[in-house]
């Protein structure tokens, strides 16, 4: 809660941090690639990932709705990434390497998903807002909307940070 | 809560119900196939699905742990299937066709996952126990263990039934 | 989702509905009175209850923070009441008596509370927004803030409706 | 997970630890007294608190069921106390004073409650089992039964420890 004003990293280093995080989010998490998740907003206050409907992401083949596990996976990914962006912002004096080390110590403690409406649509956006970024625990709220803007699911998760 | 003794379906029809449910669980849910989930126990009091570790199921490629979304998907699948087995048991006079129609009206309301330990192992078993099977809502508790018997995650979910 | 235009109840009957609901919320739920909860906004899109800090609402007597159970109780109350307001609005042709009958069939399925910051303050406001109002299940998100506007806790809950 | 064998506290000191914890659980948490919660088992593997039905613990006065917030409060209390017993056991070389200091750093991160059946009965028992006791986070599962042994509610919670 107390922030002594530290020297912020340079604009160049900030770009390195963001590039490293984006590569991490979109290319180093294997299962995220299976889902086709890709970052579409790096705003720490409104982090967003998008993905397209695909036949292998549905539950029962007759109904063509997203499997609940796909929704859970997308919201967990969006939530964890939003926390990482918050950590990178809080430790604004650290290099990209230092920030990336913090990722290794981030973990989901638990998560709740509310399935509000059938997961129908051509593509989907998972967004996340950090409601608490403490020294040990972070809390995030997530939302999944389809391409019509319909709210498909909401989520809440806690993450261990350091 | 009140069960008037209905004529149970014949042993032959019961086999048809179980075969239809097993086919549904293991072959008609597309994303379950992506995960490699397969039913290993049809006991309504202890429904179990197993799956093997595969490179595309991990989170960060360096750590080789199951992605949290894979764990959530496996526990949701096990929970929903345990409810379906309970429904098939409650409506013990119905044919396989009638039971399968009930599946279309089953949906996950919400789910919580507690991530207790890193998802490391060669294979995993997701099990589910129904704690309430009401006329409108069912509640289930789930567990994920690895091949050493280590408890990786627990879950709790509510399902709408009819 | 489909609303055939029903004759709305008269302004007089609407006042009776709101008075009956307010009395229900604030005076007929015994434990709400123990907590000192009182409705301060009847807006269905932003239902709010307020309560004051009192010594018997704290956890450990040394720290003077709200007990986690008080927070959970306040958020559950706010969430359920917001659903009732939504139901009264949806069934806009019904009399106060008919609306009140629906309350008897409302029940909390499950609830999650995230404890974000210590429950310190002179008074608190619990608010609730309905994210889904289906024919069988409703979902609500709740927030607790103190008199400085600090976000103390968030919640998510599912309710059975009819 | 790795425990170097530390000298255990003496039997006399262990009695002091247990007496201090029992006093803390039953007499220093103000709101627990409002609820009438009292410890009935100090077994770290099966911690239990009991309480009696009272008119001021009900929700709607017509139905005479426990308010959902009372259930949440009882399960949160039982869960947190079970974690404290686990911490006292893990730090088996510490004095009662040292153990009590750890309580000040314990906090509920989040909690889920599943309301399975109406909270009817003359008295109730809330029990808790620790499923994870890590260096930073603990996870607990809770149950509430009435005097007929009927399962009224289950819970899951995460706690920050140190």
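Should a chain be cited, it is by its letter among A, B, C and D, assigned in written order, with residues numbered from 1 in that chain.
Rule of thumb we're sticking to: contacts are C-beta pairs under 8 Å (C-beta built on N, C-alpha and C of every residue); 3 or more make two chains touch, one makes a residue touch a chain.
Not measured: the values here are computed from a predicted model.
J.: Chains in contact with chain C and with chain D: which ones?
T.: Both chain C and chain D are touched by A, B, going by the contact rule given at the top.
J.: Which chain maximises the distance between its CA centroid and that of chain B?
T.: Of all the other chains, the one whose centre lies farthest from chain B is C.
J.: Starting from the mean Cα coordinates of chain B and chain D, work out the distance between those two points in Å.
T.: For chain B versus chain D, the centre distance works out to 30 Å.
J.: Please work out the Cα centroid separation of chain A and chain B, and write it as a whole number of Å.
T.: 27
J.: For chain B, give me the residues that contact two or more of the other chains.
T.: 109-110, 112, 114, 139, 156, 158
J.: Quick check: in the complex, which residue numbers of chain C touch chain A?
T.: Spelled out, the residues of chain C in touch with chain A are 112, 114, 116-117, 131-132, 139, 141, 151, 154, 156, 158.
J.: Given the complex with chain C, which residues does chain B contribute to the contact?
T.: Residues in contact with chain C: 109-110, 112, 136-137, 139, 156, 158, 160.
J.: Per the contact definition, I'd like the list of chain B residues that touch chain A in the complex.
T.: Contacts found on chain B: 24, 28-35, 55-63, 67-70, 72-74, 76-77, 80, 103-104, 107-115.
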